[in-house]
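Consider the two complexes below, in which chain A is the common component and chain B and chain C are the respective partners.
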Partner chain A sequence: MSKVGIASYGITKFSMEDSKIESVLLESTKKLFDDTPNLSRKDIDAVLVSTNNNSKYLSAILSEMSGIEPKIAHSIESLCNSGTNSIVSAYSYIASGLADVVLVSGAERYDSTGQILEWDNSRGEFKHPIFWASIFTKAYKREFSITDEQLALVSAKNHKQSQHNPYALSKKVYSLKEIINSKKLTDDLRLLDCSRPCTGGASILLASEDSCKKFTDNPIWITGIGQKTMSAGFTKNMAFSSMESTQYAALSALKMSKHSVMDVNVAEVHDAFAVCEPMALESIGFTDKGKGMDMIKELHTTNNFKINPRGGLIGAGHPLGATGIAQTIEITQQLQSNAEKRQVENAKIGLVHNMSAAATSSTVLVLER
Partner chain B sequence: MTFESELYKGNFTIAECDKCKKIVWPPSEFCNNCFNQVIWRKGACEGKIIEFSKKNNEYFCLIEIENHIKVIGKMTSGIPIEGNKIKIDKCGIRENNYFFEISLI
Partner chain C sequence: MSKVGIASYGITKFSMEDSKIESVLLESTKKLFDDTPNLSRKDIDAVLVSTNNNSKYLSAILSEMSGIEPKIAHSIESLCNSGTNSIVSAYSYIASGLADVVLVSGAERYDSTGQILEWDNSRGEFKHPIFWASIFTKAYKREFSITDEQLALVSAKNHKQSQHNPYALSKKVYSLKEIINSKKLTDDLRLLDCSRPCTGGASILLASEDSCKKFTDNPIWITGIGQKTMSAGFTKNMAFSSMESTQYAALSALKMSKHSVMDVNVAEVHDAFAVCEPMALESIGFTDKGKGMDMIKELHTTNNFKINPRGGLIGAGHPLGATGIAQTIEITQQLQSNAEKRQVENAKIGLVHNMSAAATSSTVLVLER
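Up next is the complex of A and B:
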């Protein structure tokens, strides 16, 4: 099987702008082209669009607006992990030989309908994500005797890190006290514990080994992929203090890459809400069950950017369909030593964790330079 | 009869597969284990609290009914504790959402 690499990328600033979805898609695609002098429109065999937006036929629209006439063009929707799912599809097209160069573009608007899964009637009147997040938080705090004060560290760390991310929605640093005193949404969730839906776009160019070298001297290889969907409904989760789908996805991705989790130097994990970060770290295997907050505290106090260097979803903002692609771009920059003030020293192996609908589904990627 | 037509009337019905002897949840016409057509029966409407939290003055609880069905319902009186036994006092559909009102037994 041919190696598949990341040859280039483009990203927009995450904001609360009222932009058309087509404009957001085009903006990050244009940036990708601007940064890739050897890329011709004719090189692109497939255009995949990742979004939860209700507009139709967006990959054909993006292709037309970019002057690309691809063989393969379609959209991919899987709520919050649409982005990495699109990257996996692009990988598969290249690995199978159906395509050689694939453009993946993700975009979302701040008012995306992808935030609420209408189908999930088991949630009763409590369909907004803050309700599953409150149940997760309560369960995690109870099982491992964790306090709100401890959990506030996640938001403090990620906001501190997003300051150095030029594309982040938030540029503010918050004290633990400000986080704990931020607007109380439920007994177990405060406003600053949450990532914010926003407008943003991110594009990435995937190519076969030979083609990668045409576009960059510094390709990053996708060496591990793991995906698992346990259910669609939140209440079907077996546990509410760990992420079962993430555990499966991480195991298969690491196995495919022939690495252990201890080899990973830098990772983006899906901190849709503060509690998701320790849960993800434990389910991926970075630390033992219930020890996620110890690891986060250690990273925060030593100013180590290993986890969520771009500020995660909490600091960077969460434009659903673009999130998984933006996470992958961050790890690419880290492995290329291009992450400036966010740079994790000597990062060789990186991991991306992207999940949807209360961890009912997860995707994990392993990247290497 | 469908699950929703009964829920509109305030009745909680349960889909069961008589081949697998399993409850099918979310409710569906066909068993998700063998695709056999399900049988509808009246639900027991009693269960226990798995987890809960509170928004404004309202407790919302993740409850489990008949050891299988988990839904989120609203507590109408009392203070929930994990593991407490509860019953569904009222259920239905309003503004396109299912709702379950529960109280302690």
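Up next is the complex of A and C:
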């Protein structure tokens, strides 16, 4: 079976612009083509669109706008975890031999319908993700004796890091005091503890080993894949202070890649809300239960960009269907030593963690240069 | 690489009922489980939902309702062609080794948003599929000197056949005169020339060769896959009297299966409107250009159920995301000799043709027992 690699990518600035979803898809796709001189429209066997947008037939629309006539074309949706679901689908098309080169394009608008969990009647009025995030925050603080002031460090670190991400929604640096004093949204969450939905697009080109080498002399390989869906409603099967689906996905991905988590040099983790970052670090296995904030403090103090170098969802913004792809692009750039001021030195093995709705489902990818 | 087979299926009655999309998904999934005693919830690695419904996270919801905790879970949309896109995705997950057993569940409500082509601004006011179907009908009649009376035979044949389909929306038989005299919708189309959107669900279980044999002693193998997207807007790249994407998909699928179209004993073709059936038969290669109606007349006269034995979309109804799966179930039943009064004798090789929006994209599958 062929190795599957990342041959190219394109990304838009994340913003609050009122752009049409088709334009957002096209913009990152065009950048990908502009950056890949050896790539012809005819090389592309499949076009997969990752989005929560209600528009139909977007993969055919993007194909027509881009001059591609693919074999396989459809949209993929799994809330915030759509991006890496699409990348894994692309991987399977290539590994199975049904496709050789696959374009995956994710896009979302700031007003995405994926933000409100209309489907979960068990939530009553509490359909906005902020409510599960509040419960997680309360549970995590109680279980591990963590304070609001300590958790504010996640946002401080990620906003500091997003300064150096040219595509980030936010370029501002915030002090712990500013974060703590930002608008209180619930008992446990302030505005600056949250990622912000925004308009943004990210495209990535996956290809078989031989084709990859035609398009880049710096391919990055997908060597580990892990995915798990525990439930849809977050009150089922869930410990509120750890992420079971993430644990499972990380174990599977690392096993497939034949690496230990200690081999990972750089990682993107899904910090939709501040508390998600320490929880994800613990669930992936970077540190022990309850020790996530210690790790984050150490990284912040030493100016180490190992976790969420592009600023995470909190700093970079969260265009749902594009997020998993943007995370994968960041790790690709890190492993290619193309991450400029965000570069983690000598990064050889990277990890991407993308999830949906209170970590009811997670995807973990391991990438290697 | 493992062979990929169809191990089981479940289907709902197609109706005009105002059911919730989650209930429709669950109903056919439950039937599949009820019919597969050796299948445990834990066997299922992936849950793919095929739909045009705007609800998000339906694969996680269906998983939770069904007691499945899959690795891979997402929704797939490509308008009317979503069902076979999902089956091909399931195939690729199994063939690539990322999954061993995949549940594909398609569902739609009678009021699906996939019916109105809101996205195609080039259509002006003419966003309902009936407008492309009118143009196709006019072009086909003109090019091959076919009359409305001749085309009415498609609906007469398919309604006759759907009488014997326990899940069909329509069980009525119509005379040519009744069809011709049914409500005129456009210059070239009457009500009974059209398939009707409806509420319906269809689920199918795909598995690797070894697993398939655990769940059934009558597995059906997917031996050919062909897909093509030409465009999104139907005025581009299109001859209005043939289906280019179908031609391409059929050639690819037959080549992969190492069969000629003449080896095919039974087929489901996508008769969203009457004219689509002769056009599809010609584009797949069952007969020469302009000769589709001759073939249909011969089949109708001799009571031969070879084409659209379950009554096609016109007789069975068209719940968009479920259609491609329902078509695949019909061919599976035919090859298993389980099609009762619809049975085509000695059917060994079957073909499924599913398409979207004026045949701007098509999927063709070859199945074998």
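Structural remarks
The rule we apply is simple: the second predicted complex is superposed on the first by the 368 of 369 C-alpha atoms of A that agree within 3 Å, B and C clash if a C-alpha of one lies under 4 Å from a C-alpha of the other, contacts with A are read in each partner's own complex, and residues count from 1 in each chain.
The rule we apply is simple: a contact is a pair of C-beta atoms (placed from the backbone, for glycine too) under 8 Å apart; a residue touches a chain by one contact, two chains touch by 3 or more.
This one's a predicted model, so the numbers in the text were calculated from it and none came from an experiment.
Of the two partner chains placed by the overlay, neither chain B nor chain C lies in contact with A:T216. When both complexes are overlaid on chain A, the residue A:T12 reaches neither chain B nor chain C. Counting the residues of chain A that each partner touches, chain B and chain C differ, and the larger count belongs to C.
Look at A:T246: by the touch rule set out above, it reaches neither chain B nor chain C.
In the superposition on chain A, no contact is made by A:S283 with either chain B or chain C. When the two structures are aligned on the shared chain, A:G233 is found in touch with chain B and with chain C. Look at A:T186: by the touch rule set out above, it reaches chain B but stays clear of chain C. Looking at the shared chain after the overlay, A:N165 reaches neither chain B nor chain C. In the superposition on chain A, the residues of chain A touched by chain B in one structure and by chain C in the other are 118, 233, 236. Contact residues on chain A toward chain B in their complex (touch as defined above): 118, 121-127, 130-131, 134-135, 137-139, 142, 185-189, 233, 235-236, 240. Partner chain A is touched in their complex by these residues of chain C: 1, 22, 47, 52, 54-61, 63-64, 69-79, 81-82, 85, 88-89, 91-98, 113-114, 117-119, 225-233, 236, 252, 356-357, 360-361. Chain B makes touch with chain A in their complex at residues 25-26, 50-55, 60, 62, 69-74, 82, 94, 96-100.
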